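First the structure, then my questions, so here it is.
Chain lettering (A, B, C and D) follows the sequence in which the chains are written, and residue indices restart at 1 in each chain.
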Amino acid sequence: QDGSGRTYVYASQLQGHPYLLDSLLGMDYAQKQFGVTVERIGPQGWDPVAGAEAVEQAIARKPAGIITTLWEPGAVPGIRRAMEQGIPVVVIEAVTPDDGGALTFIGLDNYAAGVDTAKELIERGGKSGSYVASGNWGASNTDAKFKGLTEYLEANSDWKLAGRIDDKATTSTAIDAAKTMFNTYPDINAVIGLDSSSGTGICLAAEELEKDIADLTVIVHDREDPVLECIQDGVIDASIVNKTALQAFMAVQMLEAYNDQKIGLANVPISADNKAAGVNPFPAQIYMGTEVIDGDNVDQFTRANLPKY
Amino acid sequence: MTQRLDDTPARKHKPLLAGNGFGSNILALALVTLAIFAFLALTRQNFATWQNLNSILFGVSIDFLAIVGFTYVMVMREIDLSVGSVFAFTGTLTGALLVGGWGFWPAAGVALLAAAAIGFVNGFLVVRFNINSLMLTIGSMLLVRGLSNVLANDLGGQTYPRAFRSLARTNLFDIRITIVVMIVLVLLAWGFQRRAALYRKMCFIGENVKSATVHGIQVGTIKILAFVASAMTAGVAGIFTASRITHADVRMGLGLEFVMVTAAIIGGASLYGGRGDLRGSALGLLLLALVLNGMIMYDIEPVFQQFVIGALLIATVAFDTVLNRRGQ
Amino acid sequence: MSVAGTLPHAQTSSVAAQPILSLSRVSKSYGAVQALREVGFDVARGEVHAILGENGAGKSTTLKIIHGEIEPDEGEIRLSGRVTSASDRAEGDIAMVHQELAVFANMSVAENIFVGRMPRRGGRIDFARMHRRAAELLELFGVQVDTREILGQLTPGQQQIVEILRAVESDASLLILDEPTSGLNNREAETLMALIKRLRESGHTILYVSHRLPEVLEIADDITVLRDGQFVETLRNEGLSEDDLIRRMVGRDLGPVAVSDLSSVAAAPVALAVKGMSLSGAFEDVTIDVRKGEIVGVFGLEGSGAEPFSQALFGIVPPTSGSLSLLGKPVRDVSPAGLMRRGLGYLNGNRKEAGLYMDRTIADNVSAPVLDRFSRLGLVDAGKVDELARTDIRRFAIRVPGPEGRPRELSGGNQQKVAISACLANAPEVIVLNEPTRGVDVGAKAELHDVVRNEAAAGKALLVFSSDLPELLRLVHRIVVMRSRRVAGEVGGADMTEAAVMALAAGNR
Amino acid sequence: MSSIRKTSFLRSARLEQETLTFTVVILLALVLTSISPAFLDPNNLASLQTAVAPNLIVALGMMTLFMIGRFDLSVGAVMGISGIASAMALDAGMPVPVAFATGIMTGAAIGAFNGLLVAYLGINHLIVTLGVLYMTRGVIEVVMSGQQLGGFTSFPEGFSMLGQWGFGGLSGIFLFSLILCIGFEGFMRLTLPGRKLLFLGGNPVAAEAMGIARRRTEFWCFVLSGGLAALAGVLMTARVGMANRYMGDGLEMQIFIACLIGGGSIAGGKGSYVGALAGVLFVTLLTNAFNLLLVPSEWQAVVIGAVLVLVLVADGIMVLRKRGRPWRNILGLWPSRLAT
C-alpha cells in the first residue's frame, strides 16, 4: 500500500457497460497494488463526443497519466494534446489506425481473436459444416473478428457461412435476431457470436424457442453474466474472452513503470536518452491474447466468485 | 325533404374495417401486410413455419404492449416520447428490486406505480400549463433514461433471479401469454373504437380540443389518463422485456419511441390528432417485424435495415398526405 | 394634437370630378347564398363614403371585391374610370383594414405597423426612423405604449388601432375600413374620426363600414345602403337621422317583434343567478338574473368584458370570484363539464374555432355533448345518435344530404345550425348563446331566431351575447349593457332602443 | 406627450429566457472556477471550445427552423454523412476545396429534400426528418461497412488545418462558430428577410397575406439547416482527422434540447441565435462540471432533463399569465372551484 500515490484518469465512454466491468475490477486491483488512484470520467453509454470531451478535460486535471479507449477516433486530438504536454496516454480495449501518438495499446487483437474463435470451432465442431455469425455489424471489433474468423476457416476447413444476423449490441434485439436465425437456418451446425450481446441473444433465443441446441456448436465472445450461466447450462459450448482485467491492470502498471524512476521504464537504454532521441520506450502493442471459458472452468469466471477490491 | 332524409341509408359505403368513421381505415395496411406475408411465405420455405411466425408474433406482442397507451395519446393530438425510457426504467427497476430480494408482485407493482407517476406528471404538466407534449416528453425521456441508467449501473450486469425469466415465457393454451394478450387487446380495441364513448371523446379532443371543451368533454382528465396509460403499458412491456433479457442492459428501449411513432403512423394515426387505431398500430409493428424478418431470410446486408424503415415511414405519410391533404 | 403634416399626401389627380371608384352590376354568390346581387355605386374622390347594412348584407364582400381579394361573378369595377381586374386592384393603390384582426402578437408594435415595408438604410432596417414614425402615428390616438412593446401585450382595441395605422402608413389613396371601431373604446373611436377627417383633407378617399350609426352620420359625405346583398341607394349625408338609415337598412319598421311581454315571465322563478362575478383583469362584479322563459341580451363593444364574461360563465376561463346558481342550486364547480351536467348549454361565438368538428359527420357533431347520455356501460348506442341527428336535421331544417354530411361541406348558416343543435342536444334549462347568427344570411337568421324564441316559450332561460344590436333588439326581452368591464346598465320594454343601448355601451354620445 | 411606460430592452428584444440561461451559464462557470482549479486550465478551455463549436453551428440551423415553427431531426446524420462525403472526395484525390464543397453540397441536398417534402408536399416535418435520419444513417452504414475502423484517415495537411487552426488559446472553429452566430443574430434582428422569419413563425396566415412567401422560406430554412450541419460535419472530420460512422450520433436531440433551453420553441415566432449559443454553452458546461467534479455521469441526463422540464413549465406559466389568466387559475388546486 506504500505507493507513489500518483493519480491517473480513466477517461472513456461506455463507463457503465457490463463488458468493461472487469476492466474496472482490474483497475481497482491495480489501485490497491500500486497505491495509486484511478479517477473515472466519461459518459455511461455510447457517446463519442462526450468520450472525447472526457479525455480532453482529463488533461486539465494534470494527472500522472491517462487511460482511454478508441472504438472511434473522437478522442485522438485529445490524446495528441496530452502527449504534447508530457502526460503519458495508454489506450486499452480498442484502437484506431491513428492513435494520436499514445504510448501503447494494450488489449485484444480482434483479428487474432477471430482466428482463435475459428480454431475453437474446428476443435469442438469438426472441420466442416455451416454456421451463422451474429454481431454488431458495422462496429470495428465485430468486423475485425469476423475477418479473422472467416479467413482462417477458409484456409483450414470446409465451414460455410450460412448467414449473418445483426444484434445491434442490444440484448432484446439480439434475442429476436437469433430466433429468426434459428428459424431461417434450421439445419446449421454452429453459431458464432462475435459481440458481447450475441451470446446472451443466442442462448436466450434457444431457450425461448425451447430448441435444444446442445448438438450445435455455439462459440461466443465475452462474459456477460447470462453467457456464463448458459455455459453452465451447457447451451453455449465456449466463450472466447479478452483478459479485460489484465489490460486495465497493465495500463496502470505501465504508467507507473514509466513515471517511477526506481523502475525506470522511461530510461531503458534503447538510446542514450530516449526522450531526446524521441524514442518511445513502450512496446507498440501489447496483446492480451484470449482465454476460453467452457463448462470445465466457468465457475472460476462467475462474478460472484471474483474477488472485490 | 323529410321524405328524402328518411330513405337516406343510415351509413353510406362504410369501408370494411373502417369502423364508423372513428379509428381509421386499416384495410389498405392489412392488404399490404398480407401481401408481404404472402410474398415471404411463397419465396422462403422457412418463413411460414409455426416456429417463425410464433417468434415474430412474440417479438411484436411485447412492443405492442408498449404502443397501446401511446396510440391513444396520439389520437388526442399529443405525443409521448418518454415511452422508451419509461420502458427501460420500469423493467430495470423491477429487476433491481427482485435482485434486492423482493417478491415479483411487490416489485412489479412498485415499478408500475413509478411508471404511472411519470405518466401522470407528463399529462398533468401538458394539461395544466398547456405545454407542447413533444417538447415536454423529450425532457422526461432524458430524465427517466438517466434514472434507469443509475439503476443499471448499480446492478452492474448482474442477472435477475431465474424465476423472473419464466414470466415472459408463460404460456396460455401453449401460446406465449403476451401474444394472447395482444390478440385479446386488438379485439377489445376493435369494440372500443367502434362503440366506446371514451374513444369518441378522444377523437373529438384530437380533432378540435376547443370544441370538445365547450361540449363538456373532460379534456384534462382524459388526457392525463391517456398519458398514465401510455406510461403504464410501456412499463408492462418493459417488465416483460426485462424478464426476457435477464439482466440490466443500458441500451434497453433506446429509440423505442421512434419505432412507436413509425408503427402508429403506418397504422393510421396522425400527428394532427383525431385518428389512431390500435389495430393499425399492431399491424404497423407487424409490418416492420415482417420486413426485418424478411431481410434476414434473404440474407440482406443487415445495415440496410434502417434505410428501409426510414423510407417506409416517409412513403406511408407522403402517400397519406397527398391522398387526403391532412398537411398543415 | 400637434401632428399636422405627419400625414402622407395622396397625389390628387387632375380630373377631380371623375369618381375614384365606381362599381356597376357587381354580383357574387357563395354557393347557395347570393352575397351580392347587381350592386353598383360610385365613390367620389377625396370623400368619406360609408356603406351600411345589416349583418350579412354584403358589406365585407363588397369591400373584399374592391380590394381585389375575391373575384366578383359579374360586374365591373372602375378605378378613376379605368376598368380593373381583381389582381390590378390587389397590386394597386388600395389599403384595407379587415373586420378580423390580422396581427403578429410576437412582434413589436412598430414592426406590426410596417410589416413588409420597413424603412431601410443599406441592407439593414432603419429602426430609428421606423420607431420615430410609429410613435408619431400612435400619438395620433394618444395610445400610451412604447413602439418597442410586443404587440401581444396590448389590448384588443390597441391592436386594432395598430392595424388601422398599418393601412394609414401604407399611404394608399383609397383606404378601406371594415368596422374599424368595433374594437375601440369611445375616445379611440373619436380619435379615429378625427384622423379620418384629416386623411380626407389630405386628399385620401375612405370607404367606411360601421354599425355605429352616430359616427357614420358624423363623418360620412355619402352613405350607401345595402340590404340582403342588394344596392338600396346612395344618400348624401345631409339632414339624415339614424331612423332614416335604419329604415333603409332593414326595409321595414322594427318594433320588438313577436316578443312575449315581460309580465308573463316576471313571475317565473330565476333559472340563472350570477352575483358579483369577477375575473381579474377581464370583468368585475357582474350581477345578472335570468328567469325561466326569459331571453336576456348582453351587449358590449369590444373590450367591454362581455365576451370574457360569457366564457367565464361557462368555466372556459373560470371566474376568480362571485357566485353562480342554476335553477336555484348554487354551483361551485364552474367547469364546462360540471355546468353542463347541471343543465347549462353554451354556444361559442366562433363556430369554426369551437363548436364544430369540421371533418366529422353531423351525427358525430350533434352527439358529441351527449355521448354519456347515449351510452350504456360506456358503449354508445349508434341508433340513438343517428336518430338525434335525423331529428335535428329536420327540426332545424339543415340543408344537408343526411347525418353523414360533414360541416366542412356545409354553408356557414347551416354550419351554425349544426353548432346550435349540438348546443341544444343536451336539452339544457339555461342556454348561453354567443353571436347565434354570425355570418348567417337573412333567411337562416330568421329561422334561428324562431329556434331561440321557441326555447324561451318552452320555459328555458336564455342569455344572448351579440354584437349585432338590431338582432338583439328584435330578439330579447331586455338588454344588459356592459362597458369597460362592468355592467353599465340595463334597458327593457319600451325604452329598449338602439340609441339607448349605444348610449350605455359607448358612454354618452 | 404624457410619459409612456418604456418597454424593457429584454422584453422588446424577446431575450428574457436567453438572459436567464446566460445568467445560469455564468453562475455555473463561476462556481466551477471557484471549486475546481482545472476549470480555467487552458486544456479545459480548449476542450470547451471544440465541444461548443460544432454544436453551435448545427444549432444555428435548428434555431432558424424553430423560428418558423419547424425542426430537423436529421442534422446528426447529415453531419456524419457530409464528413464522410468530403473524406471520400479527398480519398478520390480531389483537391481540398472540392472535397469541402462536396461535403457541404451533400448536406444542403439532404436539407433540400427535407424542405421539398415539408414545404411543398406539406408532409409533417417530424415524420420527414425522422425518416431522413433513418435513411441517412442507413446510407452511412452501407458506405462505411467496407471501411477499416476509423473509416477514412490520413487527409492532406490543408484539409486537417480547416479543423485544427487557431491561435493563442483560441480554437479557430470556435471563433468561426461565434462569428457565424453573431452574423446570424445580426441578420435576424437587423434585416427584413431576417424579421420575416419571425413574422412567419408568429402568424403564418397573416404573414402569407402580407406577401411573405411561406413555402419558399421554409424550403430554404431546411437547406440552411442541412448546409450548416454539413459544415459542422466537415470541420469535425478535419479536426479529428478521420471520417467515421459515429459522427453526429444522437446529436439531434442534444441540439434540440440546447435550443429549447436557449429560448426556442417549436411553436415558432420565438427564439434567437444568441439563445442557441446560451443553450449549447449550458449543456457543454454541465458535461464539463460532471467531468471536473467526478460526478457519476449517469446523473447528467437526469439534470438536463429536469432543467428542460423546468424551462418549459416556466415558459408555459408565463404564456398563461400574458393571456391574463389569474394565478389561482394556473396554480390553484381546484382552478374551476368558485371561492365562496
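Just so we're on the same page, a residue touches a chain if its C-beta (ideal position, glycine included) is under 8 Å from a C-beta of that chain, and two chains touch if they have at least 3 such contacts.
By chain, with names taken from UniProt: B = Autoinducer 2 import system permease protein LsrD; C = ATP-binding cassette domain-containing protein; D = Monosaccharide ABC transporter membrane protein, CUT2 family.
All values reported here derive from a predicted model rather than from experimental measurement.
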C-D or B-D - the one linked by more C-beta pairs in contact: B-D
Chain centre separation in whole Å, for subunit D relative to subunit B (CA means): 30
Chain centre separation (subunit C, subunit D; CA means) in Å: 44
Inter-centroid spacing, subunit D versus subunit A (mean Cα positions, whole Å): 35
Where subunit A touches two or more other chains at once, by residue number: 16, 44, 46, 137-138
Junction residues of subunit B - those touching two or more other chains: 149, 153, 303, 305
Subunit C: positions in contact with at least two other chains: none
Chain pairs that touch, as defined at the top of this document: A-B, A-D, B-C, B-D, C-D
Touch list for subunit B against partner subunit A, complex: 44, 46, 49, 51-52, 55-56, 58-59, 149, 152-153, 156-159, 165, 168-169, 241, 244-252, 254, 292-293, 296-297, 299, 302-303, 305
Of subunit D, residues touching subunit C in the complex: 1-2, 4-7, 11-12, 14, 190-192, 195, 198-199, 201-203, 205-207, 209-212, 269-270, 322, 324-326, 328-329, 334-340
Complex contact set, residues of subunit D against subunit A: 38-39, 41, 43-44, 46-47, 50-51, 141, 144-145, 148-151, 153-154, 164, 239-242, 244-247, 249-251, 284, 287-288, 290-292, 294, 297-298, 300
Parts of subunit D lying in touch with subunit B, wherever the complex brings them together: 117, 121-124, 126-128, 130-139, 141-142, 145, 204, 253, 256-257, 260, 265-267, 296, 298-306, 308-309, 312-313, 315-317, 320, 330
Touching residues on subunit C, where the partner in the complex is subunit B: 314, 316, 336-337, 339-341, 346, 348, 353-361, 364, 368-369, 371-372, 374-375, 378-380, 382, 386, 390, 393-394, 397, 401-404, 422, 426
